[in-house]
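Pasting the structures in now, so scroll down.
Below, subunit A partners subunit B and then partners subunit C, in two separate complexes.
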Partner chain A sequence: MKSNEDNPITTLISSIVAPFILLFGMYIIVHGHYSPGGGFQGGTMLAASVILIRLVLGSEVGQLQFNSTWGTPLGSLGVLIYFGTGLAAVFFGGTFLNYHFLPIAQEASMKRSLGILFVEIGVGLAVMAILIAVYDDLLGEEPDA
Partner chain B sequence: MHWEIEITLFIVLILVALISLAVRNLLTAVVTLTVFSFAAALLYVVMGAIDVGFTEAVVGGGITGVLMVVLIFKTSRRSSD
Partner chain C sequence: MKYINYFILLVFLFLLIYASTGLPNRGDLDSVVNRDRSPSGTQNASSYYIRNAYKDTHTPNMVTAVLADYRSYDTLGEETVILTAGLICFLLLRRRRKDDEE
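Up next, the complex of A and B:
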């Protein structure tokens, strides 16, 4: 957004709070199969942290944290991780997203846990990248960045 | 079970919705809609749907308000009242 006059209170508070929001978002993504939360909520929280920095410190500082050109590739990578996990199960003889057929661990419970973790990471990455891309496209100020 | 909390949250929900409909300033309407989302999230948590309440709090209180404020700054009011 427009570079506002440097307000020390919002700058200080947002720069203190934003890393903790990022950390909590990653915690929610990783613990999505034990507790409430998951890929969508965690990804939204990561996007909220990045958007908070862009909102307070301006888009120029925000570009250093998350460049606008990364939005579509990271979103596509997240979708690719999701469908790659599902199609890997198909490739190794199961049905789509059947984690029991993934060749990533020995015991079945560990396979399902890691499979859900991959899917959650994919969903979180896609949601974060697309929400930041929506914000950047809504502003539409920096076509070169 | 928690009917007192539920009734309080429902009253807050309806009041905030009516305020956000009646107010003329769009920024105030966005803020009251965020309060609406937060009250709805608390209501979901009271009813036992923690996952839905969490999603409502994150999306409705975090992202939607920011996107609406950006849209307000990108548009302009036609009438000058």
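Up next, the complex of A and C:
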């Protein structure tokens, strides 16, 4: 794919903006308890930041930021975080995904709040990794090239 | 054959429009889903969420509480769908490229 590495305007603007998009994505994931947002939306923002760097600075720099071999393992890790949160509740005597039984020293409503946070982090990680992996697969470049 | 297809489509269009006239208005307080009690006398799920979402989960955003706590099985399924889509892209597109090289 043809990259715009020689264009100073897009290079400068995207390298300034991309970290802030990354930060805003994390904010959306963590702040989903209090405002519209959550794992799916925040994960999409994180993926947008990484894909912006890939589009503008070329695949070589993009591979340094997020290697395309990490895509599917990180996506599986996100689903495993979600599933493990549910399974931890089973091991400590509750039903699946019943955050009331998570082994956290908090009162009951805070346990549920933290359970929602873990689940949203898992969703965000999976969505980010899978979107980047789909982009890399569609682009059709070898990961080590 | 083409005209029969269009005819069937039109019939379904009018059927759907006719069916939509029987739906309750948006925000209608007297419709069954918006009532506090269901017709059998038990409490509706939506009024339970509105009353107890903050008490149960300490989360002011009720949508997040419903998605990630009360209906977390559904969100687990959605995430699995996304993972499956990514894995299928990986399998189909990577495989074809390897065949081209050989």
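Simple rule for what comes next: the second predicted complex is superposed on the first by the 140 of 145 C-alpha atoms of A that agree within 3 Å, B and C clash if a C-alpha of one lies under 4 Å from a C-alpha of the other, contacts with A are read in each partner's own complex, and residues count from 1 in each chain.
Assume a residue touches a chain if its C-beta (ideal position, glycine included) is under 8 Å from a C-beta of that chain, and two chains touch if they have at least 3 such contacts.
What you are looking at is a predicted structure, and each value in this text was computed from that prediction instead of being measured.
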**Request:** Report clash or fit for the pair subunit B and subunit C bound to subunit A in the combined superposed model.
**Result:** fit
**Request:** With the two complexes superposed on chain A, say which partner A:Val123 touches: subunit B (first), subunit C (second), both, or neither.
**Result:** second
**Prompt:** Comparing subunit C with subunit B, which touches more residues belonging to subunit A?
**Reply:** C
**Message:** Which partner chains sit in contact with A:Pro36 here, subunit B, subunit C, both or neither? Use first/second/both/neither.
**Reply:** both
**Request:** State whether A:Leu97 touches subunit B only (first), subunit C only (second), both chains, or neither.
**Result:** second
**Message:** Between subunit B and subunit C, whom does A:Ala47 touch in the aligned arrangement: first, second, both, or neither?
**Reply:** first
**Message:** If we overlay the two complexes on their shared chain A, which of subunit B and subunit C does A:Gly75 touch? Say first, second, both or neither.
**Reply:** second
**Request:** Return first, second, both or neither, reflecting whether A:Arg112 touches subunit B, subunit C, both chains, or no partner chain.
**Result:** second
**Message:** Taking the superposition on A as described, I'd like to know which of subunit B and subunit C A:Gly62 touches: first, second, both or neither.
**Reply:** neither
**Message:** Tell me the contact category for A:Val134 with respect to subunit B and subunit C: first, second, both or neither.
**Reply:** both
**Item:** Smallest distance from any CA atom of subunit C to any CA atom of subunit B, in Å, after fitting
**Value:** 8
**Asked** If you lay the two complexes on top of each other, which residues of subunit A touch subunit B in one and subunit C in the other?
**Response** 36, 38, 40, 131, 134, 138
**Asked** Which residues, counting only subunit C, touch subunit A once they are in their complex?
**Response** 55-61, 63-65, 67-69, 72-73, 75-76, 78-80, 82-83, 85-87, 89-90, 93-94, 97
**Item:** Residues of subunit A that touch subunit C when the two form their complex
**Value:** 32-36, 38-40, 71-72, 75-76, 78-79, 82-83, 86, 96-97, 99, 108-110, 112-113, 115-116, 119-120, 122-123, 126-127, 129-131, 133-134, 137-138, 140, 142
**Message:** Which stretch or stretches of subunit A touch subunit B in the complex?
**Reply:** 1, 36-38, 40-41, 44-45, 47-48, 51, 55, 131, 134-135, 138-139
**Complete:** Within the complex, subunit A is touched by subunit B residues 50-51, 54-55, 58-59, 62-63, 66-67, 70-71, 73-74
